[in-house]
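Take a look at these structures.
Each of the next two complexes has chain A plus one more chain, namely chain B in the first and chain C in the second.
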Partner chain A sequence: MHISEGILSAPVLVTGAALAAGGVALGLKKMDYERIPEVAVLSSAFFVASLIHVPLGPSSVHLVLNGLVGVLLGWIAFPSILVALTLQTLLFQFGGFTVLGVNTFNMAAPAVVSYYLFNYLVRRGNYTVSAGAAFLAGALGVGGGAMLIALCLVTTGEEFISVAKVILLAHMPVMIIEGLITSFCVLFLKKVKPELLEVGR
Partner chain B sequence: MHLEEFAEGDSLLHRIDPRVKFVCLMPFIGVVAVRDSIKVGISALVFSVVLLLIAKVDLKKAFRRLLVVNLFVVLLWFFLPFTEEGPKVFGVGPLEVTSTGLVHTLVITLKTNSIVIATVAILGTSQIFSLTHALRHLRVPEKLVMLFFFFYRYITVMHEEYSRMRRAMKVRGFLPRTDIHTYRTVAYLVGMLLVRSYDRAERVYQAMLCRGFNGRFPLYRHFRLRGKDLVFAVIIYGFTFFLIF
Partner chain C sequence: MKRFYFLLVVIFCLLPTFSYAHKVSVYGYAEDGRVFVEGYFVDGSKAKNSIVEVFDAKTGEKLLEGKTDDKGMFSFKIPRLTSLTVVLTASMGHKNYYTISKEEVAEAIGGETTETEKTQKPEMETDTEEKVVKAEELEKVVERVMERKLKPIKNILLQIQESHARPGITEILGGIGYIIGLMGIALYFKGRK
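Moving on, here comes the complex of A and B:
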């Protein structure tokens, strides 16, 4: 879930934008010119994949996959997520330009953490270790994102505490689904295209 | 996948220089986002709606966009009026609705909607590729603009791949349910999409090298600033200043 415009306070917006700009700068530095097509087409695939809805009881949730983006792309997750959110802002007007920095940071920061914690385990571990590490990466991506959203709301004003709690609670089942899907997906990639796990290095 | 629904058309706003659009929109939405007053909210909303009418976009489609955006706002309406401290207006069971809570939620609703409407009216009326071109002129880092360009270019391609695989799954009798089988199948679908995108990227890059790509996109066509662009800029900046004071 992205925060929409006109809610957060100016200090939160500015801090988010500054942190995101730093992450994007680092990500761009790690991405040479010849790797731009690779990262771009992967980002398109992730964008399309995030439109997939999976059933959850009587309702359904759409995939977020920022944990998976992180495990594959590392710091490049920042520019990759930024372009995806920019397009959402331009086309669907979810989120928006004033919250672009905050939303990018909220999704990309847990992705980068997933990379550092789990990329090595996913690549080098046996079947069980890879599966477990990928599950945690997927869950951490969504869970960390929800936590950062809650943090943004609470630092804007204490009246947002109950909304923040609801958002955290709503993300619990999504964390499990994202964990499972990231886990299966990583095992599949390890078998079919292990190079994909090296893109972020 | 039809992505740029509002870009087709021929209104005054469709013909404004995309560079001017960015330079004007950003301060406007910045000011609206951080000002907390009902007067700013209402005047910004009126101004945005006027822009939307000038843009002559399909109002039904624009309204549908707004509904989705307002999901977050609806969530706020369930909590904020009750949790913010202030003078009590009326009670619903054990809960109390406060006037500060009501005003705060109303201001947020007005601001969110006016920013979204202004973005549809101003940026939605330009093609994505001309906006990308404008970003390059506005000194956004070259790598980022190139990444965005390829990313946007290949979304439709990847979506076609996705639809084909989805059709194949359907033909084989796949029914999504809340179970491990569904999640595993969807995960493999995502995995296959990534594998195909990776292979395609390699071919794209080789094709680019064959055509003499040396890491840069030369810009041959340039935008020209015209009178109506300046008038547009003066109006938007004027209104933004009015909102500050």
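Moving on, here comes the complex of A and C:
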């Protein structure tokens, strides 16, 4: 889920960077003292997740975990994902520095959308509702990210429908796996540390 | 804190199953008047059906374009004597490039056009033609043998390059260390208020 360097044009890169910067600023504002360790743990999880390769399908796809990050952190997903992506660029040469903004936005925006759509159900619902909502949040994180990447690639002259189809199809298995992981994590937290999932956080 | 430990456990449980995805690499070498290009992903799978574009590294002019086959390979005849930049674009926004130096290209085009002419012309004036023919034949034989001998070495180089493209445990733990460090810095600054 990383767009490489040298593919996108300057206006797309600048727009992505600007949107990402806005999200990061908002996220940093919302980040309280007590939440910092939580953010760091989720950053680490996101950082490592992209190394976990899902061997299904013909293409090489990996876990993203942006849905999980989003549903737990909301807007703080932006700084959290930015840190993880920066380190991935630095240490794994995934993506690149000029595309950092675009990649951050592509991953964090669906995360925030997941938060707004499913936050309430995940936190308020009973176990079944919560698990279902978390599953959808995880799947939406990946699916939304794939859609945004397709949208970015359109600007390079690729046709949206065909690119979107290829990317979505390739990420189908990941969407399902991420959904399961997200709902597993949420259920675990509900049992072990329900105060982390309190409404209004 | 329980949550922290739990996530750490999840991360470490997944560590052994690592396989790497998501970065495409391209490697090329010139040989026998042709350039061979290979594209592969970080997890070692080949970049099939990927677009390969060849540019003149000096002028940036696009010389030719093609697609990799099922083995992620693509080869083309050297279009001109210059350093070549091979750009490989795989699906879903993955792209990388590799530059082949002018010297390597020159060597691959072979003695026939550049080196031999220079070295053998003075010979022609003094020696009999027979000797020249023999020298040419000898050179061809040597080249063939060298190629055969160098093939495994080239493969080893390719493997080394592929293994370098993979992030190791050092990078992974280093990255997590950075995040923990950043957490410390954030805690420090937020805590001072």
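Following the convention adopted for this analysis, the second predicted complex is superposed on the first by the 164 of 201 C-alpha atoms of A that agree within 3 Å, B and C clash if a C-alpha of one lies under 4 Å from a C-alpha of the other, contacts with A are read in each partner's own complex, and residues count from 1 in each chain.
Everything below uses one rule, namely that contacts are C-beta pairs under 8 Å (C-beta built on N, C-alpha and C of every residue); 3 or more make two chains touch, one makes a residue touch a chain.
These figures come from a predicted structure and were not determined experimentally.
By the touch criterion defined above, A:Ile149 lies against chain C but remains apart from chain B after alignment on the C-alpha atoms of chain A. In the superposition on chain A, A:Leu189 makes contact with both chain B and chain C. When the two structures are aligned on the shared chain, A:Thr89 is found in touch with chain B, with no touch to chain C. In the superposition on chain A, contact is made by A:His62 with chain C only, not with chain B. Once the two complexes are laid over each other on the shared chain, residue contacts for A:Ile36 go to chain B and to chain C alike. Look at A:Glu159: by the touch rule set out above, it reaches chain B but stays clear of chain C.
By the document's definition of touching, of the two partners only chain B reaches A:Ile177; chain C does not. In the superposition on chain A, the residues of chain A touched by chain B in one structure and by chain C in the other are 1-7, 31, 33, 36-45, 47-48, 52, 55, 83-84, 87, 90-94, 163, 166, 185, 188-189, 192-193, 196.
Only residues 3-4, 25-26, 29-30, 32-34, 65, 68-69, 72-73, 75-76, 79-80, 82-85, 101, 104, 107-108, 110-112, 115-116, 119-120, 123-124, 128, 131, 141, 143-144, 146-155, 157-159, 161-162, 176-178, 180, 182-184, 186-198, 200-202, 204-205, 208, 215 of chain B touch chain A when the two sit together in their complex. Looking at the complex, you find that chain C touches chain A at residues 2-4, 6-8, 10-11, 14-15, 17-24, 41-43, 45, 89, 91-97, 165, 167, 171-172, 174-176, 178-180, 182-183, 186-187, 190-191. Against chain B, the residues of chain A that register as touching in their complex are 1-10, 13, 24, 28, 31, 33-34, 36-49, 52, 54-57, 63, 65, 68, 72, 79-80, 82-84, 86-87, 89-94, 96-99, 157, 159-163, 166, 177, 180-185, 188-189, 192-193, 195-196.
Note for the complex: chain A touches chain C at residues 1-7, 31-33, 36-45, 47-48, 50-53, 55, 59-62, 83-84, 87-88, 90-94, 149, 152-153, 163, 166-167, 170, 185, 188-189, 192-193, 196.
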